[in-house]
Amino acid sequence: MRVMRACREMGIGTVAVYSEVDRRSLHVRYADEAVAIGPAPSRESYLNIGRVVDAARSIGAEAVHPGYGFLSENAAFARAVAEAGLTFIGPPPEAMERLGSKTAARDLAVGAGLPVVPGAQDLHGFDDVEQAAERIGLPVMLKAAAGGGGKGMRMVTAHEQLKSAWRDASSEAYNAFGDETIFMEKLIERPRHVEIQILGDRYGNLIHLGERECSLQRRHQKVMEECPSPVADEDLRRRMGETAVRLGHLAGYWNAGTAEFLVDADRNFYFLEVNARLQVEHPVTELVTGVDLVKEQIRIAAGQRLAIRQHDVVMRGAAIECRISAEDPARDFFPSPGLITAWHMPQGPGVRNDSGVYEGWRVPLDYDPLMAKLIVSGRDRAEAVARLGRALEEYEIGGLETTIPFFRQVLKNDDFLAGRLDTGLVSRIIAAAGADQPGQRVDVSSGNGTGRLTTEAQLAGILAAALEAGSGAVAGVREPGANGAGEASAWKRAGRDAQLNNWPKRNL
Amino acid sequence: MKGRVATKLKVKLGAGHPNSTAEHEIEIGSPASGADAGETHCRLDSESPIRANWVRIAPGRYSILLGNRSYEVHVTPAPGADGAREYSVKVGSDLYRVELHDPRAWKGHRASEHKGPQDVSAPMPGKVVKVLVDEGDEVQDGQGLLVIEAMKMQNELRSPRAGRVERIYATEGAGVETGAPLVRLASL
Amino acid sequence: MRVMRACREMGIGTVAVYSEVDRRSLHVRYADEAVAIGPAPSRESYLNIGRVVDAARSIGAEAVHPGYGFLSENAAFARAVAEAGLTFIGPPPEAMERLGSKTAARDLAVGAGLPVVPGAQDLHGFDDVEQAAERIGLPVMLKAAAGGGGKGMRMVTAHEQLKSAWRDASSEAYNAFGDETIFMEKLIERPRHVEIQILGDRYGNLIHLGERECSLQRRHQKVMEECPSPVADEDLRRRMGETAVRLGHLAGYWNAGTAEFLVDADRNFYFLEVNARLQVEHPVTELVTGVDLVKEQIRIAAGQRLAIRQHDVVMRGAAIECRISAEDPARDFFPSPGLITAWHMPQGPGVRNDSGVYEGWRVPLDYDPLMAKLIVSGRDRAEAVARLGRALEEYEIGGLETTIPFFRQVLKNDDFLAGRLDTGLVSRIIAAAGADQPGQRVDVSSGNGTGRLTTEAQLAGILAAALEAGSGAVAGVREPGANGAGEASAWKRAGRDAQLNNWPKRNL
Amino acid sequence: MKGRVATKLKVKLGAGHPNSTAEHEIEIGSPASGADAGETHCRLDSESPIRANWVRIAPGRYSILLGNRSYEVHVTPAPGADGAREYSVKVGSDLYRVELHDPRAWKGHRASEHKGPQDVSAPMPGKVVKVLVDEGDEVQDGQGLLVIEAMKMQNELRSPRAGRVERIYATEGAGVETGAPLVRLASL
């Protein structure tokens, strides 16, 4: 949707591809043309390079925008698009490869003397480990070189823990991956996740558009992002920006991309990786810089020179994005697909909605549960935060559970309000909410400080329920033939499909 | 709610988590059944009665003035509601679950709840990643029973009440369909 | 709605007043408290100072925001509010009086040597008229001093027309108003209507927030506004801004206000009048300056000092507003009240919606037909215009006719696209559209330049109609008991009410 | 549309102004009646048939793919429609009025239209500000008949067709209710 809106504004015709379960999706309805590319499983549709390229070619498309899920960081896809005689709206495949793996990007950064999280790779015995610890300095993390998923990970905060931690980690690594090689990374305590947006043309012009603060993550997935970062000042922004631009030059990068960093409590920053595509959270940068990133992507892919220079990039105000997903925060973020019976978005000053769904649409089990993004902006962070509270109160989604109540929790957290963010804050907020007394509702205050009596609000709610019971009406949008058991039948249908292809999708 | 002069209801009011509930008694004066708007009075527990002006904006959407205070309420049938009188109710930014009971039917209602063994079943299709309890274990209300992977995520399934694990049907690594029984809980 | 959103963001409780027909209005539903103040006729409700003040006092309100219709420019209301011990969120009543009438404001400007449209008042015979014409220079307009409505108006472009024009004008004036006095104004050909937003506190700090271009008017009502004006450069903006601020100082003005000017082809500007309130079109200024005008109004009324200084006001990008009204542009803008059966607003980057209505709401006959405002912003005017086209295409309103098709016409006009605006452009656009051949549809292109076949789009439409006919479904939202004749019954009900109080209202 | 193998319809297609119309013939292959989605083919006039994939998103809202081209259509009963088969149709940003006719009933249809005298009546309550014609005048289709003031504005009421003004019921300055006859038009 985001990409198609930009195309319409540029007078460019749009073609959407869709899988069988997505015939009713908004991106199909909004496109000028739509081509079916296969059944629901992404492997046979959205992740199938051949089918996507064939679809584009068959319809006479000139260029392909990969969105930000599925094949968007796939160099092979970028190559296949180019070989089909089409333009890929993204970075060149060579740059994608140079930056595609975390290790390759890290090596590139280290080679150029750019700051990365201090670490040591390929540690084969305790001597290696001890020397590395000396060099890097405690605290550190030991990790299995061969794998992930938390296996073989040990935190070491004091020297006397080192030996037993190494023993445990390497044996766990061996058991899990058949390889006891360990690597060590300095432990950044309460790190912030801050990223830099870069933009470059094919002629070597490369600029950055400031940072985004993405520390609010749940299970390593971003849930809420903002621009600017509360921790960044002009100097930090310039230094991080220059680092990101330098990396881009080294990789021969063009189009839009993002360099991710960790920032520690002393405002040292360490390069993590590059996302060689448009990010979900790009709107916060757009609101603060006034630049339409998707249009810039298209212009760059079309061979135009960058019209914006570094000194043209002026940041004004603050913006915050919330990812609204079909997950139930009251039940540990359990997925909550189903039929959307009501969908009322907030409006008014400083509110931007990027939504991919609509009332009457059924959120499928097949893909990522992200349904919509709410992005607010204000003169400063305080105004943006106040606006977010107001907008979340206006937002109304019926038929399924969403992450909106969780965002209301975040807005009550003192650390969030003070801008003291780190990657562990979301877990702490969830833990605090879970510690609420039973009998108390999850969301305690009405959020606008007007001092309404809680019991009176409850009374209004009960009265409405009684009126509804008396009306005999069936509330909300119902599918033909569905009744009060709509929720159950959604699960049933999902059960029939019996497949669990779970890739980020939803083209917002 | 058949247009009688006043209706008394027993109400069970819950928040997000199904086990955090409170009970209330509500008295409503003659709302005209089937009408689209009306004026009545109502009373929660022993508080003083209050004037209520209500308008049905759309099915399930009400604008209610209690005295002068304006409340926007969105009522939907509660997900998984067995009876017809369980609702998800959103007032402003707060979400409640409301169960309406006729007070005459109230007695014995609680006693009949949660009696005897109960099967915990899969709320969605997925894969059982880990079983967290053993047969014979005593579990608390809200304690994790097993982990299911679905929709790209691992989700912990929690116990709906306190009890003893009588039987475990699930095996780690196996796929399950919606509604498949996973664990049987017995009363303590 | 606009004001209440600002209050929520500031944590201020809100009280709405409503007339009997407005119980279902969005402003009642959104407010924290709502008080009924009388029957539908504005005289007995929204225009009844006593009832509004009583309502505010009875509920313990601390301040009153008058919106931008009804009593917003009524000095007596401002006084009544103050006498009731409440704060009026607006200018002081003395300043309202000093600037309230066009003549008083003009006299103030003339006295200070500020530019006004050259003119001469109180002309009683042909000698007076001839001398004035000599002094002012042709072309001029003769107008009846006593009245309006076009009576006694004559345009004079050549000296030999002067005598007969004076004879006609003065006799028409005498017949219409019993007073043959005439006044003369220089005729500004193809004038632009440009206004300056001012903002001041109680301590004499007064700044301007740039201009708004409001030349697009139909029957002297603004329909589309933008910021900045395509005609303004830094220098013109500064000079007009200083003139507006000077006037504000002279009148002892504080809070938000607007000074209106005419700008001629040579970019000379002439002061017209001051609107001593928030303007409907204020969002375009908010989007370009980043200042929330309603919040500033509230802060000023609360006695705070202005936090923004003149040099803090930085204009970025461009914004355009469309006033979406329940009027049928295909039938000469005939009012089109009725039941809203569908209401889908555009979203995505650069789109702001300020709407006062919702699906299932019945637009009453009683008040102004303004339903919503669509405001778009972009990096420059071209991007804002492209975005407006895209947003208008996404907008979908069912159940009644709206002005949206008219705005699509505007977007096809070369003068509009080139920024060549004047107060006559809307009439010319309407005239050009009316000259379309019968058989051709009003809105010719699909607006996105994708070259779809018109016949194919028609085929899709016919197919959908045939499917709908076959489905037996009744489309859209229906009132209880209403059927396909819903439109007719709306008129009937209006007929029963049989009253035609037509004041601007709709608190967006 | 009773699920026959192919349906032929005569279509009258109009734009904003009721008198700017074009006529078409459309052939639709077997859309399943009452279904929520389907695939068929259709043909406008003498053009070649095209594959049509359609989905009903909501009542009156359709997503239609003609070949690969995607059209979003919103269908509402036309305001003031007498028959059941007149629709306001919005395709993208274009608005049409569509009348569907069975081709067998088509003959004579045009002849029966606009025959004999016809009353032009007030579309809304208001005040007659000015009468623009005299009895006996010949008027063109679309010519202004009188000016009514309502909802803060003066609005010109135009002739729905060419004809002769047989009688004027309205008087300047008088208030009128909805549906009140204002002018009687005779055929030329």
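Which chain is which? They are A, B, C and D, in the order written, and residues in each are numbered from 1.
Keep this in mind: a contact is a pair of C-beta atoms (placed from the backbone, for glycine too) under 8 Å apart; a residue touches a chain by one contact, two chains touch by 3 or more.
What you are looking at is a predicted structure, and each value in this text was computed from that prediction instead of being measured.
Colleague: Looking only at C-beta pairs that count as contacts, which pair of chains has more of them, A-B or A-D?
Modeller: Between A-B and A-D, the larger count of C-beta pairs in contact belongs to A-B.
Colleague: Using mean CA coordinates as chain centres, what's the gap between chain A and chain B in Å?
Modeller: So the centroids are 32 Å from each other.
Colleague: Go ahead and note the Å separation of the Cα centroids belonging to chain B and chain C.
Modeller: Comparing mean C-alpha positions, chain C is 49 Å from chain B.
Colleague: Just the number, please: Cα centre separation of chain A and chain C in whole Å.
Modeller: 41
Colleague: Could you check chain A for residues that touch two or more other chains and list them?
Modeller: Each of 32, 393, 452 in chain A touches at least two other chains.
Colleague: Where in chain D do residues touch two or more other chains at once?
Modeller: 69
Colleague: Among line, ring, star, complete and other, which best matches the way these chains touch?
Modeller: Its topology fits none of the listed shapes; call it other.
Colleague: Can you identify all of the chain pairs that touch?
Modeller: By the stated definition, chains touch in these pairs: A-B, A-C, A-D, B-C, C-D.
Colleague: Which residues of chain B touch chain A in the complex?
Modeller: The contact residues of chain B facing chain A are 1-2, 7, 9, 11, 13, 15-17, 19-22, 24, 26, 28, 31, 33-34, 42, 44, 47, 50, 52, 54, 56, 59-62, 64, 66, 69, 71, 73-77, 79-81, 84-85, 87, 89-96, 98, 100, 123-127, 149-153, 155-156, 158, 175, 177-179.
Colleague: Under the touch definition given earlier, write down the residues of chain A that touch chain B in their complex.
Modeller: So the residues of chain A in touch with chain B come to 219, 328-335, 337-338, 341-342, 365, 368-369, 392-393, 396, 398-401, 405, 408, 436-443, 446-447, 452, 455-476, 484, 487-488, 491-492, 494-495, 498, 500, 502-504.
Colleague: Going by the contact rule at the top, pick out the chain D residues touching chain A in the complex.
Modeller: 36-37, 53, 55, 57-58, 63, 65, 68-70, 72
Colleague: Report the residues of chain A in contact with chain D in the complex, numbered from low to high.
Modeller: Chain A residues touching chain D: 15-16, 23-24, 28-35, 59, 358-360, 477, 480.
Colleague: Mind listing the chain A positions that touch chain C in their complex?
Modeller: These residues of chain A touch chain C: 1-2, 5-6, 8-14, 32, 283, 286, 290-292, 295, 314, 316-317, 345, 347-355, 378-379, 383, 386-387, 389-390, 393, 448-452.
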